[in-house]
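Here come two complexes built around chain A, the first alongside chain B, the second alongside chain C.
Showing the complex of A and B:
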């Protein structure tokens, strides 16, 4: 595979979900890196420019909202699209995600096709 | 097994353990919000992961448990022991299911009813409302998936198809296959089939269709396209239709799930379908386009919410601009250059959402850097690779570490071979220089081998908490059944020991703790009557002591009454009348370890039948350890296990009889003595030797093992003195050799019956050393004498 595949960072504390999303997005033509919590994600984003973030909500150390806020803050300041995926399906959760800086909020489990489609759509400006 | 499922099972084991531990801690400390949160998170993560698989009962049950925990977390409910019981039962059930899944890759058939009754219980405190099953989230408009795989699927490698099918089945996903048969004269119409194929997004597999027979060279026309392509992709049918829009008649697209691929592989006929493939493709394509549009709208709606909630700026604003542009492109709306400000974007989104692909009301002036462009530039496209950011701890299969240890053992054997080679160089070939060089080489190798061995041993070390972890649950369950109140205290759980030691420690520890609960600890009423606190305490302590680890199980129960023990032992014929009088209290307590002893007035189902403290002692001694017990009537009992930190390497003393060498664990060896044959006397059919005033029985190893050797009565006799359970015994041997470190392998196969040996080891010269199990040797001696 070529080097100019869009880079995506998968952030989830559940190793199984991480593996699932990694495989899915790899199949969908992305170069995938993974982080197990918000803190790791922020660290990774500070050294690498990602084209997309797929972030879980409920995580230890730093939860998804704080993670997204930090990614958007001046510390990292990434303008890349952020997709939040969560098992929470309560009113207000999506608004919280958008207020933090997410570009789309989806509820788990996300259908494989849909995740790939949305990920590709959100990164369509990036050379593939 | 599918790697995703394997990952899930491994993760599930960890999560279930933390749920269990957390629930038990919560019972003691009900208010702790951090604990509740931890348990909730573990259950939540578990549910999230389970949703990836087709285990509906598992997800529903976890969902019910999670809802209950959520109510506790938010303070709507107070956790009581009934709820804890239900939660523990739910996770126990799940643990059982997962064991089944490990071997069958599916839930047991009984899962449905079993889950339902627990779900009802779990939902009881929540008002019993039956929440809808958690499948609403994945409710995506079903696409028309073809269940007949076209024959051209065979152009893919079978192995690849198999793994793809397995993956699709696990994730209930589908994949698109396409066959592209370019027209023979396509090159003349400026079509570039190869370029087209390279543009297929998310290509998962590619195969080539060659002509049935290539034309002979003389008639071959290189301007004819004779080949075709088959390809598999994660891209939607709509995307493919778009890509191949100029050559629709040359392309066939099908969407397949894992089952259809498997049917194709096994050559099964698909169920007949009325609809034609072409018609289906149209439906699929429409459905796909619909979904594409729906996703784009979702992104736009999200952008609208972001823009109206507050005024995003900086990176947030850029990202919104980016996502709006992406969604617009997907909708096929003309590209717009929008100012990176909230107003302009809001207007653009509103326009797009209103599905009017007209220009926005305020056409923005051609602003210099368009937001998306700048955003891309800002990111700087760093060259450094993304890389795995996950945890840096490896989970390694035990077998791999065991294999590594075996290899270290073999390396040691090969290394020891060099010393023999050095001797041979000197003696057989007369080259002292070569001998010395080999020895130099040996010492270098020896140092590396030792370091390697230490490193591997270190990898095998586990904390004692692994062995202790099951006790909170065990004690909770048993004490409830016995109606006793028991508090468990563990100390030194971070003490490390070899994994084999930890594993082997499990059963003896369970036995001792059960004994303590069953026999040692009184009921609360009895305790209060005796002036003790109503709650009893069991303490598990681990400390490292040089090369050994000491594990102590102590309770503050009723202790052991030495007189009662002596009487029981006497009644059972284990001791004589004289011993009944003479035995000290410590020795009396030790009687508990005799085979066939049990102090319980009635056998309870807790301690089990027929397995006594003798079994505990036997299994600990098999590990090369010792057990001692101390007790104070009315104050409690403590049992102390002393085990080697590592079982991988055993130091043995080598002796020989009739030319055959045997090893004896150095721990047991007291001394080596040479005595004139005349000094070996005979008392009651037993050879004895008097050493410093003590009469020590002597056993002729050759006779016990049935080896052809009789000691030369004229020479001094060589006797190895060993100590077993504090008793000294002499072994009459032919010769003493040196001590060696060996890696003991258990007696297997044909040798398994030979109880007098505890294992075998390879010596450097390639000979096999049999290591004696002294306890068995002594009892064999008692029988043959």
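Showing the complex of A and C:
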């Protein structure tokens, strides 16, 4: 049976965050996959057309900003919206995310309603 | 007896560059050369200040990783204190790489953990939880438990909970439930604790 739900890739090195965001987005009607770092995310994006990426900043191997830059590069070239969520709330963090290619930057913790609302907004053109 | 043709002598092994040469190469425009120099200075105590000075300004991640690898092998308080400054960096790559390096320095990092746990910047405390997650030291779990019990910022507490999860035992159940009671409006913390202890 084909799954027409929008596909989301949750990228976070913290297992609990991956589980939490996966559950919230699954409950909100998304098909969710997860990656533990930027490298895994790039690999997943090369083989699957995701409709949304939810990306952490502080991760080993490849941090979130580099991950987003790579997702936007010619190598991967994903047009999908990218939501960055991080504990970092210094003044320059959001600017850095947008410069890398993110569509939106939120500071943790993000509650269920807000995450679902933002995810729906960012994927509003995708059939569900 | 016939003449035996002598085997050609192998080319003379290239002499290893001197410490002075390697220190000069740390400023080479070629990142590969800088990386080789950083790795070549492994175990050279006099190179430590030079290596430390280049961690922040270095833009090539391969070179930075080499600098950190060489520095972490020294595992001295001087190195730990100098690297820990970068946990507050605005550069994600730098702070996460430094956190990874610090987590491999069980000889020196424990001495600076109490100060990092009390750092006024909660982002530094979050990074400290990341360090403790992988630091092979008997005090790591106690420090993480202290962070969960006392830190006033929910993101620090959740980072500490996440770091503690692989070592979670029944003795931590009440600690985690107390954390939820301290931050009743944090849904992520509640989810994490419920997932961990039921």
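Keep this in mind: the second predicted complex is superposed on the first by the 126 of 128 C-alpha atoms of A that agree within 3 Å, B and C clash if a C-alpha of one lies under 4 Å from a C-alpha of the other, contacts with A are read in each partner's own complex, and residues count from 1 in each chain.
Assume contacts are C-beta pairs under 8 Å (C-beta built on N, C-alpha and C of every residue); 3 or more make two chains touch, one makes a residue touch a chain.
For clarity, every value in this text was computed on a predicted model and none was experimentally measured.
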Is it chain B or chain C that touches the larger share of residues in chain A?
B
Just checking: does A:111 make contact with chain B only, chain C only, both, or neither of them? Give me first, second, both or neither.
both
Of the two partner chains, chain B (first) and chain C (second), which one does A:90 touch, if any: first, second, both, or neither?
second
Applying the document's definition of touch, where does A:58 land relative to chain B and chain C: first, second, both, or neither?
both
With the two complexes superposed on chain A, say which partner A:19 touches: chain B (first), chain C (second), both, or neither.
both
In the superposed arrangement, which partner chain does A:66 touch: chain B (first), chain C (second), both, or neither?
second
So in the superposed three-chain picture, is A:27 touching just chain B, just chain C, both, or none of them (first/second/both/neither)?
first
Common interface residues of chain A with chain B and chain C?
14-17, 19-20, 23, 58, 60, 87, 89, 108-109, 111-112
Show which residues of chain A lie in contact with chain B when the two form their complex.
7, 9, 13-20, 23-24, 27-29, 31-36, 40-41, 43-44, 47-51, 56, 58, 60, 71-74, 76-82, 87, 89, 94-95, 98-99, 101-105, 107-114, 116-118, 120-126, 128
Chain C contact footprint on chain A (complex, rising order)
14-17, 19-20, 23, 57-60, 63-66, 87-90, 92-93, 96, 108-109, 111-112
Contact footprint of chain A on chain C as seen in their complex
90, 92-93, 95-96, 99-100, 122-123, 126-127, 130, 154-155, 158-159, 161-162, 165, 186-189, 191-192, 195-196
Spell out the part of chain B that touches chain A in their complex, as residue ranges.
3-4, 7-8, 10-11, 41, 44-45, 47-49, 51-52, 137-138, 140, 143, 167, 171-174, 201-204, 234-236, 291-292, 295-296, 298-299, 302-303, 305-306, 309-310, 312, 314-316, 318-320, 322-323, 325-327, 329-330, 372, 375-376, 378-382, 384-391
